[in-house]
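Look at the two complexes coming up: subunit A is in both, with subunit B in one and subunit C in the other.
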Partner chain A sequence: MLELIVISTLNGVLFGMLLFLMASGLTVIFSMLGVLNFAHASFYMLGAFFGFQISRWFGFWPALLIAPLLAGAIGAGVERFGLRRVHRNGHVAELLFTFGLAFVIEEIVQIIWGKSPVDFRIPPVLDFSAFTIFSTNYPAYKMFMLLVSIAIFAALLIVLKKTRIGLIVQAALTHPHMVGHLGHNVGRIFMLVFGVGTALAAVAGVIAGPALVTQANMAGLLGPILFVVVVVGGLGSLPGAFVASLLIGLVQTFAVSMNGSLSGAFGPLSPDYASTWLADIWSVTIAQIAPIMPYVLLVLILIFRPMGLLGTRET
Partner chain B sequence: MSEITSSAAPPLPAPAEKLKFYGLWVGAAIALLLLPKIFSSGGSLTTFSLIGISIIFALSYNILLGQTGMLSFGHAVYYGLGGFLVIHAINIIGANKLPMPLPIVPLIGGLTGLLFAVLLGWVSTKRSGTAFAMISLGVAELIASSALILRTFFGGEAGISANRTKLLRVFDWNFGPQIQIYYLIAAWTVIAVIAMYALTRTPLGRMCNAVRDNPERVQFVGYDPHVVRYLAFCFSGFFAGIAGALAAINFEIANSAYLGAVQSGTVLFATYIGGVGFFIGPIVGAIFVTFLSLGLSDLTPVWQLYFGLIFIAVVVFAPGGITGLLMMHRPLLKAGTLPRVLPSYLIALVPTLAMIAGLALSIETIVHFTVSPGDDSHIKAFGVSFDAASPYIWAMAAILLIGGFLVARRTWTWVGHAWDHATSTAREKGIAA
Partner chain C sequence: MRKLMMAAAIALPMFGGAAIAQETVKIGYIDPLSGGGASIGEVGLKTFQFIADELNAKGGIQGKKVEIVPLDNKTNPQESLIQAQKAIDAGVRYLTQGNGSSVAGALSDFVTKYNERNPGKEVLYFNYAAVDPVLTNAKCSFWHFRWDANSDIKMEALTNYMKTVPAVKNVYLINQDYSFGESVRSQAKAMLAAKRPDIKIVGDELHPLLKITDFAPYVAKIKASGADTVVTGNWGQDFSLLLKAAADAGLKVNWYTYYAGGTGGPTAIKQANLNHQVFAIGEGFPNLGNPSADAFERALRAKYDFSLFYPRAVNEMRMFAAAADKAKSIEPVKVAAALEGMEFDVYDGGKGTMRKDDHQFFQPMYIASFGERTDKEPFDEEKTGWGWKTAAKIEVDQTMLPTTCKMERPN
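Moving on to the complex of A and B:
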């Protein structure tokens, strides 16, 4: 039991940090531009596929650097030439633009790399077990993922709180016009923030690619969970996104490792009901309902705290 | 005083306008009646049936997006649940020989959609804007994932099927042949379209518009925007359920794809491409997108990519959709200044088409080398055969794409000038543009 708790906590924190790598960019972009980037998970997928391709040509370490830069450049281009044009048509048009973009990116990835998963492997340097707890070997690559995400988290925190750039970004979050009046190029700040945000998502893609499955549907699978994170944390709240990321990471990992079901707890259902829908509910295990846990959490949060965990805005 | 009343309530329509209005509806009904006489092949009947379903679904979606300003990413939930319930209903009715003919079965789907909208809507519509969009997405994922867990009811991956011919017969129709299903769908389409049009003319429909435009002011007037959004959501769910029911009857099967994100995305595409600003917009969009998805899939293997690109182009360049674009020209037509714009359109059309052709050529060439690099390089796309390995083709694609883009950009500024000139003339004549 203790083994399960320790391993699940480690995995849960890891998944939560990965989620936060993406949710942080998404939250900052949302606060500044007022648009929720529906294609954010697509940049995560682009990161994974760029990482796969570049690591094939030059090795994993260059990929870890180049793939996010590439994805970030594409993201900045999307903001500069796409979103800025659509901005005058209103928020719905902006959201729909990113929705269409997510659709197109998925199609392009399918055309280039196919529908089946690609063979993106853990680099040999990191392919060993870091330590053994309770007879379980914990892979070093997972520790590496954890370290990278924590390092980026710390760097992000320092840049936002301690540097001049961070100060301007924070100011532009609440008072974009004032920042413009002070002589800063708000358009360029927006573009850079969008680029950095998408690059962060791509970093998550590169490091998660070898550990999870690199496939053309990975954006579609992760995207909705990402939006649950930002809504549960409170739209536009960075600390909220952090708490929600860890919460959902932990909830999902713990749920996956649990095998309990109603029939396990209360004994099997009487055979009279064996072919009714009650039997499904009775015999489903917690592990099987793990995929819907984030959405259940979303509905609960909406009923009891509509503005999100740490959110302040009603709309 | 008279000024206030005349601005508060529109004047009663003149008899001629009334005649035009009802004539339009009757004309549409007659057209639907005669359509299978003109195009009687099985394929076209299936297409018309799909279009009818798509029209109801898109219009129900526009109650949310166009009328109330709520962008939903999970509208297929109500469509799909309506479809599933109807399949179960047909099975139960058929097994127990209940006295219920097929034509009223879609009502069960509608009531199912309504029931779930009533249940899920109150939480979903608590917030509007981006939060609502994300919540609708989350709820949709919740339902779609649950459908895969509750296997007895939803049938897992395979879905559940039914036999629609085993029900009580009316007028000796067993609803086996597609033509009878076509008339069933056409009848329901007319009923649903009239009902949804009537809904936009009710006080509730007007309040929905007000909530879309200025929710704060609605609160000051004494209405709760949440309640208005909730009511709109319920109506929308009801009509989506009818559309899902008709789809289930048409295919005699319901599976998890009915509830999925693809279905929600398709209705969003259809509605937005058609135009959310006018009642007729989603109808145009449903027809356009159905034809497009059926036609493009024959012409090119990567039709979904083109589909996405068309959607992005509409969002960027024509946020009013197809109907928005057409309606923009109405004041010019009234003022008689439309001919001044048309020549510039024709000039702009040539480089724009060249650019699009270049883009399609590049995409098809790239697709050939990434998807099937070993195959014969002589490929056929959009009915045109060409050699994807030839450098001339590459050069032509590049020239068409880049040259077309550069020239098109210049010509569209001319269109802008001509447009400004024509609208200002129209305005001088006292026609609001």
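Moving on to the complex of A and C:
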């Protein structure tokens, strides 16, 4: 039992940190442009595929640097030449634009790399088990993922809270017009933030690609849950996104490890109901509904605390 | 682009077909060629085209050229019916499909109704991979023929092998949460309990279909359960990701699977370094040593970068040709009558029978493990260097299961 708790905690924290890497960019973009970037997870996928291709040519470490830069540049380009034009037509147009962009990126990736998973491997330097806990190996690569995520969280927090750039970005979040009147190029700030946000998603892609699977539908698998993180954490709140990511990672992991069901708690249902829908609900285990737990959380948060856990503004 | 290609895919055979209508046997291949299932659908299409080429080189079916008409159904039952209607309008009398029992059920219903309303223009449906037992039991149809062993037959064969392995003591079941996963899980429980009452089921998991990115929590649970054997019907990424997570956590168990040989499966097993610890059940594998199968495999690999995953498709097409010869006609009703109860030398050697009662094909089944090769295993998979090694052959009589089908035959 203790074994399961420890391992689940580790797994949950790891998954949570990966979510955070992606959600951090999304939440800042969300609060600045006021639009949900549906294509955000696509940049995560682009990061993974760029990482795969570059690691073929130059090795993993250059890939970890170049792939996010590339994806970030594409992200900045999308903001400068796409979103900014669409912005004039309002939020719905922006939403539809990013929605379409997600499909375009997926098609392009399919055309270039095909529809099957690519063979993106963990670099040999990190391919050993870091430690063994209760006879379960914990791979070094997962520790590496954890460290990268924590390092990026710390760096982001410092940049946003302690530097001049961070100050301007924060101001632009809440008072874009005032910042503009003070002589700052708000458009460029938006572009920069969009670029950095997508680059962060790409970092997540490069490090998650070898550990999970690198294929053309990977964006669709993680996309929806990102929005849960952003809303639960609170719009534009980096610490909020951090807490929400960890929370969702842990909730999901622990739910999987639980076998409890209503029939387990209250005994089997009377046979009269055996063939009705009630029997299905009665015998479904927590593990079975684990993947929808984050969405239950989303609904509860929207009802009881619409501004999110650490958010300050209601949207 | 996709629309254009689809239009071309449908229009081209139509133009071609009009000119030489009498000279071809057209087979409508209805499977995903776009969307999530596309990687599987494309391999299937190329396999069928390769088999058609083989038949054409030998003079086709009843002297007529075989032509595969690709139709994209996006793994969607409704889309499949539209495509089936289009194919029929273009003169197709034979349909084949394999991916997804939901699609298969819809197609079987559609073909049955169509044939009732259009006597004299009947259409046959050849199912090469949809394994829901219901298609040859409660919902069987005279117009549906299945060459793949259904999931109950596979479990029957798999458990007949497992009961002879003393190391199997604690079994964990993990399956996808839909009709197929549900049937794997319930059959595994029932059959293991009957054949080896000493085996304990230490876990029974259903997870969402194709939605999990990280199986680490599930693997932690398997580990905590103390299982020595895992039985899974998982396919596609649900299989490869599960194995990847197992390898990361250092889970050392034996795996009994349905679809370890699918695209991406062998790569995942090699990455997980599970040398001969993953077993799969099927009607054939490379390395079984049958000379004609080896020659076929070599020719296929010389042309494409994949190996034969569907020996059943070869059986289907070759048997179709044999049935047409027997009936001396390519008229679907006559071919169907010829197929009923027909015996056939299958791709990997041995005899198979198309059972008259339910149109389910019975054939020798094999259990193979994936790992390092010796001189006896010339073929590897997905450039991993590893290949399939036969662990057991399950004879036809060991795979026979009763059917509840009450076949309604046309008058």
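Criterion: the second predicted complex is superposed on the first by the 287 of 315 C-alpha atoms of A that agree within 3 Å, B and C clash if a C-alpha of one lies under 4 Å from a C-alpha of the other, contacts with A are read in each partner's own complex, and residues count from 1 in each chain.
Here, a residue touches a chain if its C-beta (ideal position, glycine included) is under 8 Å from a C-beta of that chain, and two chains touch if they have at least 3 such contacts.
Since the model is a prediction, treat every value here as computed from it, not as a measurement.
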| item | value |
| --- | --- |
| First, second, both or neither for A:253, with subunit B first and subunit C second | second |
| First, second, both or neither for A:296, with subunit B first and subunit C second | first |
| First (subunit B), second (subunit C), both or neither touched by A:288 | both |
| Winner by number of subunit A residues touched, once subunit B and subunit C are compared | B |
| Partner chain in contact with A:153 - subunit B first, subunit C second, else both or neither | neither |
| Which superposed partner A:121 touches (first subunit B, second subunit C, both, neither) | second |
| Partner chain in contact with A:280 - subunit B first, subunit C second, else both or neither | first |
| Which of subunit B and subunit C A:137 touches, first, second, both or neither | second |
| Touching both subunit B and subunit C, residues of subunit A | 114, 288, 291 |
| Subunit B residues within the subunit A interface of the complex | 65, 69, 71, 73, 123-124, 126-131, 133-135, 137-139, 141-142, 145-146, 149-153, 261, 265, 268, 272, 302, 304-305, 307-309, 311-312, 315-316, 319, 366-367, 370-371 |
| Contacting residues of subunit A [partner subunit C, same complex] | 1, 3-4, 7-8, 11-12, 14-15, 110, 114-117, 119, 121, 129, 132, 135-139, 141-142, 211-213, 215, 217-218, 221-222, 252-253, 256-257, 287-288, 290-291 |
| Residue ranges of subunit A in contact with subunit B within the complex | 30, 35-36, 82, 85-86, 89-93, 95-97, 99-101, 103-104, 107-108, 111-112, 114, 220, 224, 227-228, 230-231, 235, 275-277, 279-281, 284, 288-289, 291-292, 294-296, 298-299, 302-303, 306, 314-315 |
| Residues of subunit C defined as touching subunit A within the complex | 36, 38-39, 42, 177, 205-208, 211-214, 216-218, 220-221, 223-224, 237, 240-241, 244, 248-250, 263-264, 267, 271 |
